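This is the structure, below, for whatever I ask next.
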Amino acid sequence: MSNKKLVHAIGLCFFLNFSNAIADIAPETISIEKLEPAHPHRIYLTDLALGHVIDGRIHILNGDNFRYLGLIGTGLFGLTALSSDSSEMLNATAYYSKGTRGEKTEFLEAYSTEDLTLKAEIPIPPRHAQALPYVGTIMPSADDHFVYIQNATPASSISIVDRKNERFASEVTTPGCWIILPSASNMARFSTMCGDGTFLTITHDQKGEMVKQSRSEKLFNADDDPLFVQAARIGDLFYFVSYLGIIHEINVGGETSVLKKSWPLGSVKDLEGGWRPGGYQLIAVDKTSRRLYVAMHSGGKEGSHKYPGEEIWAVDLKTKKVIQRIAGANSIAMTLTKERKPYLYLYDGVEAKIHKYETIPQMKAISVSEPVGEFAGLIQTH
Amino acid sequence: MEWLDNFFEKKTRSIAQNSSRRGALARIAKYFVGTAFVLPVLPFDRSSANAAADSEDFDPLDDQRCEYWRYCALDGHLCTCCGGSITTCPPGSSASTVSWIGTCENPEDGKHYIVSYYDCCGVSSCGRCYCNENIGEKPAYRMGLHNDINWCMGNESEVYHCTVSIVLGTASDKA
Amino acid sequence: MSNKKLVHAIGLCFFLNFSNAIADIAPETISIEKLEPAHPHRIYLTDLALGHVIDGRIHILNGDNFRYLGLIGTGLFGLTALSSDSSEMLNATAYYSKGTRGEKTEFLEAYSTEDLTLKAEIPIPPRHAQALPYVGTIMPSADDHFVYIQNATPASSISIVDRKNERFASEVTTPGCWIILPSASNMARFSTMCGDGTFLTITHDQKGEMVKQSRSEKLFNADDDPLFVQAARIGDLFYFVSYLGIIHEINVGGETSVLKKSWPLGSVKDLEGGWRPGGYQLIAVDKTSRRLYVAMHSGGKEGSHKYPGEEIWAVDLKTKKVIQRIAGANSIAMTLTKERKPYLYLYDGVEAKIHKYETIPQMKAISVSEPVGEFAGLIQTH
Amino acid sequence: MEWLDNFFEKKTRSIAQNSSRRGALARIAKYFVGTAFVLPVLPFDRSSANAAADSEDFDPLDDQRCEYWRYCALDGHLCTCCGGSITTCPPGSSASTVSWIGTCENPEDGKHYIVSYYDCCGVSSCGRCYCNENIGEKPAYRMGLHNDINWCMGNESEVYHCTVSIVLGTASDKA
């Protein structure tokens, strides 16, 4: 901004002193802006636009200066995820031929993150989950060969789309289960969480046809203390947190998922005042420092599990201790950048602003954007 | 993992107390208020003209407010602000064929009722009186208790318009 | 409201004193609300929703208690008008098969004002004017047999749709002209305003094919003082106002349109302070009292012609005098009810509220709604 | 109708003075400010976070504000707030094939320029920085000077996204 102002100030000086000497503005032509090259601080903010639900969008911003870079339309309850290599923004969505009526068609769309143009559009079964854009409702395989899409009719199933060959491959029924947790070590495997507390693991072949499915032991208790489905991931290890604040470390790499560890998020002293996790995209993990970040609110009670973050807590995965608590700016969604010293970006669900925090050596608020988005709830970085 | 069992027992006991022994009007002073008549509302915006926030100076039986007792697990636009009523979809829309369930305490009789939330469908989203209440709400692996999904799924037009609250009966096990 | 509160108060008394005696709420069923019967104070507010332009809508309200009664979706730049008998809301609009892309189709839709359901959907040439919903961009004939729709490519033409037989009839090219001014006395005739200051009058046959067109003399000067295209009407007489505030009374009933009278809107004293007309739907006329109402702003200057109404002025058409000036509540759109003693409804373009005024014996502010609409600019009453 | 001629002459003279003899920075203090970064803006909302209303404490060369000189007849979302620039459409959108014209005074050199306003098309409407400026704007019977219409008409996708301002040259007749 200050550079720009300086230029303007110079311009004004010229004008005031030598206005007659200024040449006319030369005739201009219109063109299309070239998107600035991607960098780890480019932000993708998915906005369901509930008040105009057929017209969802992803806002794309530069996370350093918060300049708005463009948008991608996402249709009706689009489910959105960056490809594993961040070259594409994936969007599973539905359209009606006459806006809110007529014939329905559904597609997996792939938009280039280089220029925001549509690269591929693959017809899919017309039952993608018309859900809030949770992490895990659409997921690429680690090699970007396949894309998995959560369906709901409300019966649950998962579509396997062969992104590489641009074709729908198969559909796996997953009754009573939800969310897609791809394995990092096996490119043809993903797990899903089931209401009976088990995890179901599906392995498919190179054509995208299921070859095996196996159910884990009961890993959590959905009646007494449900796990949030949005998890944070280091390779095959997923970190979940429960409504009451129990961290679950679950390995989804094998034929069946395994609970490796679980422990309460914070000491008795930390939790005094009824601190609980809350929000939508409420958890993130840094694989380098092995720190877990969770949005927390005090006075937790039945029904408070979507309350915005009053604080962000950092948990050291080695010592299992809360090592820092910081004001949470009403976070309802957060993500870490893909850097060795990651920044944390969070979305304020009350004021619709994006906040940038340093995390190394410790969390520190850096900057905040103007308001952006109407009904946003998922934030991703390139 | 004995610590876990202890932790759990203590915690769940306190949840049970909180959720079933609340006084008749205890739910009135709510932490979040998300009512707004016009502009798109952020998921947790409390700044709208009609928000009473933490105050208690509003009518607890005003069915155009998020605090109205039946809305205890409602995430969406209130049909009462969109041309419908608590139990009717606005003219021109159609009712969803599936629904989710909440259990809400009626301050008038102190009883808990099973409430079925149906979405109204097929008309451009109403965009008024957005509420986000989550008593008893669970993730989508317990689909019937989940509200972060469009229950117009399965209708001829799945376009979401607003949400109604139908009493199915008392929750006798919670009385 | 007070009735409702009273009922609630009684309910609470019962609860406090005899709570055990209250019967449980009986199981309920879901149904569709029956729209309350129409009355002259039912309001239709057209909202382009520019920020979600594929998802426009009409808000329908009770203009006495301002209860929201429902909405009709209007697609992409829908042009909207009540039928002459108010039984239908007409909407000429476009859809893309995939939201913002794919195949485009255009329709004249007719929605029942009894229950807001779609009664007819007639394909039209894919060039309806994607314009703000001005009065006159779509117009029914006085007998509701035909509907005229303004087109733009940007070359101007008008589609004639046979509403009765549910078919597109013909298209009339109207180069350099704009807006539809139907004759009340000849059901098969309409005029349009041209940039050279003439009016073009088109007469068609019972099949909707043009049989005659004739051009008037120059009736106004588009260079020096353009006429606003939104006019107020008593039978074949249309009242226009110019940017600078000259009222033009033009008869469109004959084969060619004729300027009957013109006079300045207000005395020199009235106009002191630079008062000029402004807004979108800025004029209305009461055929009973023969009073014309115009939204006016002070400090008028080049470019101020869309400024909201700082005042509403009432002009007596017999004496040509301004008989009342009243605070205008930032009106950008206004209409009179179809009653012998009409009420004036206006839309505040700054606060998005609807205001209700009495007009007989004189204008008086009666009540005001909560905010409604995002980008509304046309108000109609049943 | 002699009164009309007199009336006209007097009035038009005063318009001419107002519009062509304004000082270099005269347009800065504008009556209406319609800038907003996020929420849908009403046609004449002045309440947004970025509105400076009648004050003069903003940068007259800030191209994300309605007061920027080139926008003197622009009705729409500024592409500078949507990922484009004054003269470029945001990535993924396409430029309209037709446009409307304004004549705006550049405060930097005091000259009037012909500005061609193109809409950018084919992407969901941006919804940011809505402006409504109307110097020289005329009704649609003078289509090339009209801004209450979607200039994406005629494009493959006519969905409106935002608007840019292209200088075509000086308006020598107004200098």
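First chain written, first letter: the chains are A, B, C and D, and each begins at residue 1.
In the analysis below, a contact is a pair of C-beta atoms (placed from the backbone, for glycine too) under 8 Å apart; a residue touches a chain by one contact, two chains touch by 3 or more.
Just so it is clear, the model here is predicted, and its values are computed rather than measured.
J.: Everything stays put except that chain A is ignored; which chain groups still touch one another?
T.: one piece
J.: Please identify which chain has its centre, taken as the mean of its CA atoms, farthest from the centre of chain A.
T.: Farthest by centroid: C.
J.: Once you count every C-beta pair in contact for both, which comes out on top, A-B or B-C?
T.: Most contacts of the two pairs: A-B.
J.: Round to the nearest whole Å and give the separation of the Cα centres of chain A and chain B.
T.: Roughly 25 Å separates the two chain centres.
J.: I'd like the Å distance between the centres of chain A and chain D, where a centre is the mean of that chain's Cα atoms.
T.: One centre to the other, that is 37 Å.
J.: Averaged over CA atoms, how far is the centre of chain B from the centre of chain D? Could you give it in whole Å?
T.: Between these chains, centre-to-centre, one finds 45 Å.
J.: Where in chain B do residues touch two or more of the other chains?
T.: As it turns out, chain B has residues touching two or more other chains at 39-40, 123-126.
J.: On chain A, where are the residues touching two or more other chains?
T.: As it turns out, chain A has residues touching two or more other chains at 49, 51-52, 54-55, 73, 76, 99-100, 352, 373-374.
J.: Could you pull out which chain D residues touch chain A in their complex?
T.: 24, 37-39, 49-50, 59, 61, 81-85, 87-95, 106-111, 113, 118, 123-126, 128, 164, 166-170
J.: Of all residues in chain A, which touch chain D in the complex?
T.: 5, 8, 11-12, 14-15, 19, 22, 24-35, 55, 57, 60, 68-73, 111, 115-117, 352, 370-374
J.: Write out the stretch or stretches of chain A touching chain B in their complex.
T.: 49-54, 76-77, 94, 96, 99-101, 104, 127, 129-132, 134, 152-154, 156, 176-179, 193-195, 222, 224-229, 244, 246, 262-264, 280, 299, 301-308, 330, 332, 349-352, 373-375, 377
J.: Where on chain A is chain C touching in the complex?
T.: 49, 51-52, 54-55, 73, 75-76, 95, 97-100, 102-103, 105, 107
J.: Okay, in this complex, where on chain B does chain A touch?
T.: 1, 3-4, 7-8, 11-12, 15, 18-19, 31-32, 40-47, 72-73, 76-77, 98, 122-127, 130, 132-143, 148-154, 157-160
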